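There are two complexes below, and they share chain A, which is joined by chain B in the first and by chain C in the second.
Here is the complex of A and B:
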């Protein structure tokens, strides 16, 4: 299957060097350091002890579950709400351009800024959300301090921040659907609901694949929004794999946290490779 | 290169018409208001005495974010010339023999009290000098609330809980709780060490040797149980999960809350932010089960250290030598008030001291009424304690479970330090 590259070696060399130095070497080095007790000065080879320790982490199982939960919830919401928003924003409604800007705007704001802002808004007694709820007689929950709710609250903020990108991709996807299909359907007497399910959803599939892939990868490795809002707390209740790893690094357990990163890498690869293969295959079959 | 940039700097200085400063020492400090006040005062005075030395002070966050910054900057050689940081087990985790400059031969070390030297030493060399004073870990209380409700300082934990019940009846918050700053959740466990060592005098030794465990020592587990009892009784403020350290200090100072478990360094926060409330705040040791055995868990102040990678080690030593003198103590007292006994021989207390310090001094003046916190007796402190204590204090995990979980965390740290027997 190998075919000769149309480019000469000197043409690809600069990119190859940058790729090796910044990506390939560190990745390979991290496999080595994950097998050591490492304090950034000395690395002492300890075999698979870091992996053993990492899997013994009492918060790891919770962190793994939370990682998958967070990725699934944010990805599902971004996909469904993103598509609905895209349909709305391509329907020629009033001030369409301005509304598109509004939806996309949170994507441009720094994640840490969004996290800090929302953690103030979600303060259990002084936050704007609970103050507003109290005004209409509802005793608002501790959005970020109730262990059962914290991760879900963060997921909602992540959706708010990320939905603009999903919507943008869907708008592009919708634009590529030929209007002739809708015309033909209308002549045949199809309802709007039927057109949505029978034409829009199947034909926008390439966009759906992109949105799911991007939001799943983003969700599985998400860290900044969670760290800015809860630091994995209260206790360990909103810890994800990335925050567990970061805490090992914070404690100076560099070898252990590198082992955690290798596991995260394998987890993402393990979920995403079959998923993308499956999504792409279906696309081809159509 | 060094001379070149120094030359450029002095040319620029001359052009700007400023006094020529031959050396600028960079200083990294934590973000407490009182640390900043101390360092401003000390560096200004030193620059007056030595016009050729100026300072550039940089502020870092506290807690585990701060630990991370200090460790990483030391490891990568990017540390400021001078920095402040905890003594004891956190100091040991900095890998001092490789990252810090040896201060054993600093002339002023002759006046530093040995008990402090031991918590900033590694392999027989001294790496730090004390900044600030010895601190108590215990419970701040609002004296006005106590007077209004006719309460007296509790000598046992049961008395303390009885006081809390009366405070709650009066509609005030009994125990200010600030899990928004997770590190503040550890106090009930850490400040209980006086009581632990009364019950088990060799706990620290056996703990370091992997023999004593929190889960199997009833005395050591009491701290976790106290936290659980306070939560279950509903004695915390409504926003306990989000409140911050500054808010906790303010609550006990202005009387919204009757108690705040904290180290006495919070006095510096009161002096800086609400000095008029200083007389309203008192302090007592965290009580145990026996009124006859009441005593205080003591923290050593943090140290000031010099990075081994600093290009200005000699100049930095000159500054540290100045800080560890009686004049250094007096400057600190002027900046933040007197907060407790200094660790430098010859330093004295002023005539008027804050009420909370007056409450604390008797513990120091009586033999056997103080004990160092565990982190100064053992190099091991598990990094996840603050998350675990948040769980207990929020009702997510039971005290017994938490103690067992913390034992695992301790084991991880001990292995990382490469201690024998683990």
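Here is the complex of A and C:
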């Protein structure tokens, strides 16, 4: 080769430098710092002590469990409700375009704003939700004050905020299914229900894979919405790994906080790698 | 439209009004009430309107902190998105056009950027070593690092639709790589560029977590953090808290009204092809 390529590799360099210095280096460094007692200036090697502490403290283990719970609940709800909404909003109903706009809008609104608003709506006595429930004779629960319910309530708000994106992805997926399948099925006398399960669900699969992947990664990393609504409380009942990382950072336990970061990384890798492999393998088999 | 489609639409409209409009109506109603009425958290129509006085009070609070926050957030958003567009397009371009042994490494970087949660305290350590901690330009670079993967993905897939003949014609005319990129290719990327700008602007404007970690300090406040700063101060003044929420919800609403199509394109990019 005598001529230089018109697509020089140095085009990649500025992006690669910023990405490496501010993302890759800290990620790699986190493995080392998680093994130390650290105040940002001096790091003293203490082996696996941070991890030991993480798995000994009940509230830290609770955070780990909550992270998985939160991701699983939000992901499951976004996938199922998102598909149903997308089917509804592509069936030619009245005001369809307006409804699509409406469902998507919360995706773009400040998470903190949404969190604060819903924490007021979910107030146990004065909140609009329980006032409305009382009007029809139901004694509403303490959505955010009951430790057994708090994380689930936050998950519901997260679904409210994120459902528009799942719906949007499903609408794009549905648009790529050829109408001929439905016509053929109709001629064969298939019912709506059969068409949904035998045509829509299998053929919309690429969109399902995207929705599950995005919502699982997002759910495992969630911080804003939980911080805005409960700050991990009451007690530690709604703490997740991301909020534990922040609390340990605030308290000055930088090594422990970084160990939390590494655990979150391993958790995401441990869940997402087998999950994506499985989702993609099934796709090939079809 | 069949009768069934019409009535399903009416029911859907009623349900989504309750679910998706009422929370926003709630924000607006509380924001115009006076302090005592707002603290009751009711949905009832305001007895007296305080839109203007609440607005002024929120803007003036803590020595015009909200204006400073708007300024900082704007600088960060504009700066980060500009860099993201140029660098993301350059990487996407080379990644799509050139078959190099580095490609798999670049892909690994893109994928790790999408999946791995940033290691926060080590990042603060790196920023401190580089004297970028608590600085606006440090914050801009962080947003660039975190947003690159998404931008590269969008640019790469769009560039694959631009015929190579165009680059080759420019090469024959003796254009240098930089000239080809900035004069020939980049202008053709307009649709996807608008998508990247809109989606990333909203994401960066709404960012809370990164500013919380990497940009502490009163003079560095961003819009999302004003909400948090005010939350403790305004516990007894819900009207002002909600006026603040209203004020920071408006910019994304305006962007959404103008760029609905690009946002939809960006959010669903690559989702269906699998």
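Brief remarks on what is shown
Please note the rule applied: the second predicted complex is superposed on the first by the 278 of 286 C-alpha atoms of A that agree within 3 Å, B and C clash if a C-alpha of one lies under 4 Å from a C-alpha of the other, contacts with A are read in each partner's own complex, and residues count from 1 in each chain.
The working rule: a residue touches a chain if its C-beta (ideal position, glycine included) is under 8 Å from a C-beta of that chain, and two chains touch if they have at least 3 such contacts.
This is a predicted model, so every value here is computed, not measured.
The superposed arrangement places chain B and chain C next to each other on chain A without a clash. The partner of chain A that touches more of its residues, comparing chain B with chain C, is C. In the overlay built on the shared chain, the residue A:60 is in contact with neither chain B nor chain C.
Contacts of A:126 after superposition on the shared chain: both chain B and chain C are touched. Put simply, if you stand at the Cα centre of chain A and look at the Cα centres of chain B and chain C, the angle between them is 80 degrees to the nearest 10.
When the two structures are aligned on the shared chain, A:12 is found in touch with chain C, with no touch to chain B. By the touch criterion stated above, A:168 is placed in contact with chain C alone, chain B being left untouched.
Once the two complexes are laid over each other on the shared chain, residue contacts for A:250 go to chain B alone; chain C is not touched. When the two structures are aligned on the shared chain, A:226 is found in touch with neither chain B nor chain C. Applying the stated contact rule after C-alpha superposition, one finds that A:40 touches each of chain B and chain C. In the overlay built on the shared chain, the residue A:159 is in contact with neither chain B nor chain C.
When the two structures are aligned on the shared chain, A:145 is found in touch with chain B, with no touch to chain C.
Minimum Cα-Cα distance between chain B and chain C in the superposed model: 6 Å. Overlap of the chain B and chain C interfaces on chain A comprises residues 40, 123, 126, 249.
Residues 4-9, 11-12, 14-16, 18-19, 21-27, 29-30, 33, 38, 40, 88, 91-96, 98-99, 101-114, 116-118, 120-121, 123, 126-128, 160, 165, 168-169, 171-173, 175-176, 205-207, 209-210, 217, 220-221, 223-224, 227-228, 242, 245-246, 249, 254, 257-258, 261-262, 264-265, 268-269, 272, 283 of chain A are the ones touching chain C in the complex. Looking at the complex, you find that chain B touches chain A at residues 64-65, 67-68, 71, 75-76, 93, 95, 98, 179, 182, 238-242, 383-384, 387-388, 390-391, 394, 396-397, 405, 408, 412-413, 415-416, 418.
The part of chain A that touches chain B in the complex is made up of residues 37, 39-41, 44, 53, 56, 58-59, 119, 123-126, 142, 144-147, 231-237, 247, 249-253, 256. Those residues of chain C whose C-beta lies close enough to touch chain A in the complex are 1, 5-10, 12-13, 16, 19-23, 26-27, 30, 40-43, 87-88, 90-91, 93-95, 97-98, 100, 102, 106, 109, 112-128, 130, 141-142, 144-146, 148, 152, 167, 171, 177, 180-181, 202, 206, 208-209, 212-213, 223-224, 227-228, 231, 238, 241-242, 245, 248-249, 252-253, 255-256, 260, 263-264, 267-268, 270-274.
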